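What follows is a set of structures to go through.
Presented sequentially are two complexes of subunit A, the first with subunit B as partner and the second with subunit C.
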Partner chain A sequence: MSAAAVFYLTTLLVYVGVDILAVWSLNLQWGIAGIPNLAWILFQSAGAYTAAVLTLGPSSGNGGFQSYIIGARLPFPLPVLAGGLVAGALAALVGLVVLRRLRGDYQAVVLLVITVTATLLVENFPRFLNGPAGLALIPQPLSSRFASSIGYAWFYVALTAAVCAVVYFLVVRRITGSPLGRALRATRDCDFAAAALGKNIVGLRLFVFVVGGVIAGISGALLVEFITAWSPGGWMYVESLVVFTAIIVGGTGNDFGVMAGALLVPVLFNEITRYIPTFGSPYLVDALQWVVIGGLALLFMWFRPRGLFPERRRTMALGGPGTTVAGPGQAGVEAGRAGASQGSGAGTSTAAGGAGSGL
Partner chain B sequence: MTAPAPPPGPAGPPALLEVTGMVKSFGGAPVVNAASCTVANGSITGLIGPNGAGKSTLVALIGGAQRADAGRVCFLGQDITHQPVYRRARAGLTRTFQLSSEFARLTVMENLMTAAQGHAGERFRVLLLGKRSWRQEEARVLDRARGLLQRFGMTAKGNDYAGSLSGGQKRIVEIMRALMSDPQLLVLDEPLAGINPSLARTIESYLMDLNREDGLSMLIVEHELAALERLSDTVVVMASGRVIAEGELSDVLARSEVVNAYIVG
Partner chain C sequence: MSTLIASVGFGLVTASILALAAVGFTLQFGISNLLNLAYGDTMTAAAFAAYLANRAGADLWLMLLTGGAFGAVVSLALNRFVYTPFRRRKTSLFGMVIVSLSVAVIVQNLLLAGFGPSFFTYQIGQSRTLRAGSLALTVNQLLIIALAVAAMLALHLLLTRTRLGKAMRATSTNPSLALGCGINTPRVVGMAWLLSGFLCGVAGVVLVANTTAFQSTTGNDFLVLVVAAAMLGGVGKPYGAMLGALVLGLVTEIAAGIIAPGLKEGFAFALLVLVLLVRPQGLFGDATSRAVAA
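And now, the complex of A and B:
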């Protein structure tokens, strides 16, 4: 395999890892908790910019052609961790505004406004993060320890995979596979009923919004340290829709389904359309990519709304005739059944394992 | 249940819930107007009145889904007027809704297990401690949920999505789910509405059972007066946002103001 092919492959693998982190992040917020976070890309960008300004050093460096705040040169992995923390703090701030009083559609609208406003602010205050030109020449962490760029690229692939594994096993799975995940899914399905059962729905949503924000920030930080540049053109609000489409295609609420969505939509789909020959206007193919991504989301929502790999049903052993009856007394149970049978004639069958009900 | 016992009333059974002078207006029009009522501990209290009387709004005010313009709600002797919905539920005041409110993409079993109060696995520290911190409690909650499924004859539906059930089955899931939250007072908003008569009788018998056998107090909004006649100890009658009568159903239905409210509206 040629060096160019290896570089292409490793770059693609890094993008796969970053996109998997991205879909896990948004899936926690939207697929599990039902928060329509149309500002998702803002949190990835917060992580990317934070890692960038904590890696670049003073803005007077490189001939001072870029202007930005802070300008530190922290050792790896501190910029990546700081990227996650800043994105999480930003998510907490945005969450306090959006999640306390607003519901569904209104949350989506306000989050969309916030992400558009953030892009405009960064573009129009060039001293903040170098305006529309963005930040470039961000040093790749630990690159000086590798003799070849190919070796470094493979190292970065391994690093991204390790971060994915840590995020999945220590965060994503611990939330989605726990009663906490169940409570979040309950708030997604019917928030007022969840509140009426004692769930602090604002607290739950804020928690998962911040956790998702941290993961988004880490994904942005990892990406920027590899591609060495970040600018507002790369984090327009439509970028969030790509991640939404990946989740819709893969299977909303399914950790592994959304991974498949990440492979199919932002990675495979983007790579395939790259090879479409240019025709018409030079920007036509790029524009068509967005049209097709939107069409893909619509098609799936219409014909396969639960995605390729739907959220799995969590079945449990329902117990047999010897199952311990907790709670109120058994006498009441029998009386209730008797009353039910007398009243309706429908009766209920509770033979071994509760085979069927007359309801 | 960890909630304190209700305080003794001046006469008769102790009051579990006391609603005093509740006022709620929408766009300047009073929907609930100085409404007061009590629910005695261990009783089933019916809340009746013609359409638009303000019953569901009063229930929303009691549950905390709506904020009152004025008035006070005391539960177990504590003023809960300004407490959010989830705190009232944690204190033992659980309600069901007029429209189906099942967690549609969760199974029936999961619907029940979600309602368990103070589950260690729902705390944010699960991120740090993992499954060890909640495995045992989950087993206990699962066992309780199994018991409820068996009690209500719904075991066979335990692993079905709640959204796939019939309207009547959803009502039963909502009642089971409310029971999982260890309520002291169950507030039911039209539990028999839109359900075929035979299933309505089944639900009625379950409610009767929960009160007579387990001593569970209930406040039931219901249009079907025959059902309330069988179920309730007392009823509160509302019309035009006001409480116009309170007492045994047969007595209040004999009063002219109640008859007028139903006929005139």
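And now, the complex of A and C:
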């Protein structure tokens, strides 16, 4: 393989890893817990900007052509970890505003407003994060230890893969495959039934919102340290739609399904357009790419709303009546979910229907 | 002080545009329980339709009519051929938000593909500026204010004095009860989408007539302010949307005049978040539209 091909391949693999972290993060928030986080891209950006300002050093560097806050030069793993922390803190703050008292679709719209406001703030305070131009020339961590840029690229691929593995086994699987995950699904499917069973639904949502925020921040930090630049043009709110589409295509709520979605939607679509010979004006392919993303979301919502790899239906083992105390309630929630996914806001009827068919 | 008075003038113009748009947006939500995020891009599409009419020689009134008619047809078609079928398939409330966001992205990028990324301007001629002290507005801006006031009055009369308006209010409050009372709700919903689409198109044209240059993202940039105005008043409440538009119009322009022009929307959104923290249902919302959270 030529050096260019290897470089292309490694860059692609880093993007794959980052996109997989992205869909896991949003899948925890939306797929498992049902929080319509239209501001998802904001948390990825928070992580990216944090890692950037903690890697760049003082803003007088590089001839002082960009201005930003803090400006430290921390050793390698710290900027990425700090990116996760800051994104998580931001998620806690936003979550406290959004998740306590608002209805689901209101939450979506307020989150949308928040991400647009954040873009405005960053663009209008150039001293904060260098405004619309964004940050550039972020040094790649540990790159001086590698003789060749190819060797470094492979190192970064391995690093991204390792982060994915750690995040999956330490966080994602421990949430989705545990009683905690079951409680989260219950809050998604029928929140007052979950509340009636004694679950603290606001606490659960806040928790998963922060965890998803931390993963989003780490994904952004990993990406920015590799591509060395980040600007507001790259995190307009529609970028969140790409991650949503990946989850819808892959299978909402299914850890492996959404991974497949990450491979198909952000990765494959970005790559295919590279091979389309340019036709028309330069903006045309870009515009049509967005049309295709939107169309893909619509097609899947219409023909396969549960995605290519649907979430496994969790059914209770048949053990006769009165085996466990949680049994009927759980089945009720499960059946209520069929009702809730039928989407009427009228919760009492779905709750009653769920309990009825569950018994 | 003179900056403040001048800002109030601009604020009234912005509030008028915002009111036309926010009332249309909130009507759609009230009647269909759907946050239509494609609303801003429908505004842009209507603005482009009016632009084509303008190139063919139409004056401002004819452009308003063209934009309004185009917005009405697009909105009706969107509801009939996209939103209603998805609802019939029992797509969840938030699923519908994603559907409308996808539609928004598609419409906006089709406009980009068709018209390109450059800016467009209406040829409507420079209108005279009228001054009263430090308050200075062009004739066209006064026309926009008059148009918005007239539209709000007409809407008020429609909702309170006509059978159609009463049927709309009934459908918005309780669709199944309205259907049970013999109201032809599908027809009423269709009329509501036509009406709100007309307001949407008119708002798109006056937005562009006031800001002079526009492109494929103009309506979408304005949408967040429209949504904020509607939510501030309590989504689904036409009078709430009028009040929300007035408040946000004044806040944005006064903030722009006195504090920082780049942050005018920032102040509006901060205000929205503050209000929602205290009253999640918005200023005019009632307790039933509140969250079900514990």
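Keep in mind that, in the parts below, the second predicted complex is superposed on the first by the 314 of 359 C-alpha atoms of A that agree within 3 Å, B and C clash if a C-alpha of one lies under 4 Å from a C-alpha of the other, contacts with A are read in each partner's own complex, and residues count from 1 in each chain.
Heads up, the rule we're going with is that a contact is a pair of C-beta atoms (placed from the backbone, for glycine too) under 8 Å apart; a residue touches a chain by one contact, two chains touch by 3 or more.
Worth saying up front: this structure is predicted, and the values here are computed from it rather than measured.
Novice: Please indicate which partner A:Phe207 is in contact with in the superposed arrangement: first for subunit B, second for subunit C, both, or neither.
Specialist: Touch partner of A:Phe207: subunit B, not subunit C.
Novice: Looking at A:Arg185 after the superposition, I want to know if it touches subunit B, subunit C, both of them or none. Which is it: first, second, both, neither?
Specialist: In the superposition, A:Arg185 touches subunit B alone.
Novice: Taking the superposition as given, does A:Trp290 touch the first partner, subunit B, the second, subunit C, both, or neither?
Specialist: second
Novice: Quick one: classify A:Gly64 as touching subunit B (first), subunit C (second), both or neither.
Specialist: It touches nothing on subunit B or subunit C.
Novice: Is A:Gly104 touching anything from subunit B or subunit C once the two structures are fitted on A? First, second, both or neither.
Specialist: A:Gly104 sits against subunit C, while subunit B stays out of touch.
Novice: Would you sort A:Leu197 into first (subunit B), second (subunit C), both or neither based on which partner it touches?
Specialist: first
Novice: Touching A:Ile248 in the superposition: subunit B (first), subunit C (second), both, neither?
Specialist: Only subunit C is touched by A:Ile248; subunit B is not.
Novice: Taking the stated contact definition, name every residue in subunit A that is touched by subunit B in one complex and by subunit C in the other, in rising order.
Specialist: 192, 195, 200-201, 340, 342-343, 345
Novice: Quick check on the complex: what are the subunit A residues that touch subunit C?
Specialist: 34, 36, 38, 97, 99-106, 108-110, 112-114, 116-117, 120-121, 123-124, 191-192, 195, 200-202, 238, 241, 244-245, 248, 281, 283-284, 287-288, 290-291, 293-295, 297-298, 301-302, 305, 340-343, 345, 347
Novice: For subunit A, which residues are in contact with subunit B within the complex?
Specialist: Touch list, subunit A to subunit B: 170-171, 174-175, 177-180, 182-183, 185-186, 188-190, 192-201, 207, 211, 253, 311, 313-316, 318-319, 323-329, 331-333, 335-337, 339-340, 342-346, 348-350, 353-359.
Novice: Any idea which subunit B residues touch subunit A in the complex?
Specialist: Subunit B reaches subunit A through residues 63, 65, 84-86, 89-90, 94-97, 101-107, 109-111, 113-117, 119, 121-124, 126-127, 130-131, 134, 138, 140-144, 146-159, 161, 166, 168-169, 172, 174, 177-179, 181, 198-199, 201-202, 204-206, 208-210, 212-214.
Novice: Contact residues on subunit C for subunit A in the complex?
Specialist: By the definition above, subunit C touches subunit A via 33, 35, 37, 82, 85-86, 89-99, 101-106, 108-110, 112-113, 116-117, 224, 227-228, 231, 235, 260, 262-263, 265-266, 269-270, 272-273, 276-277, 280, 289-294.
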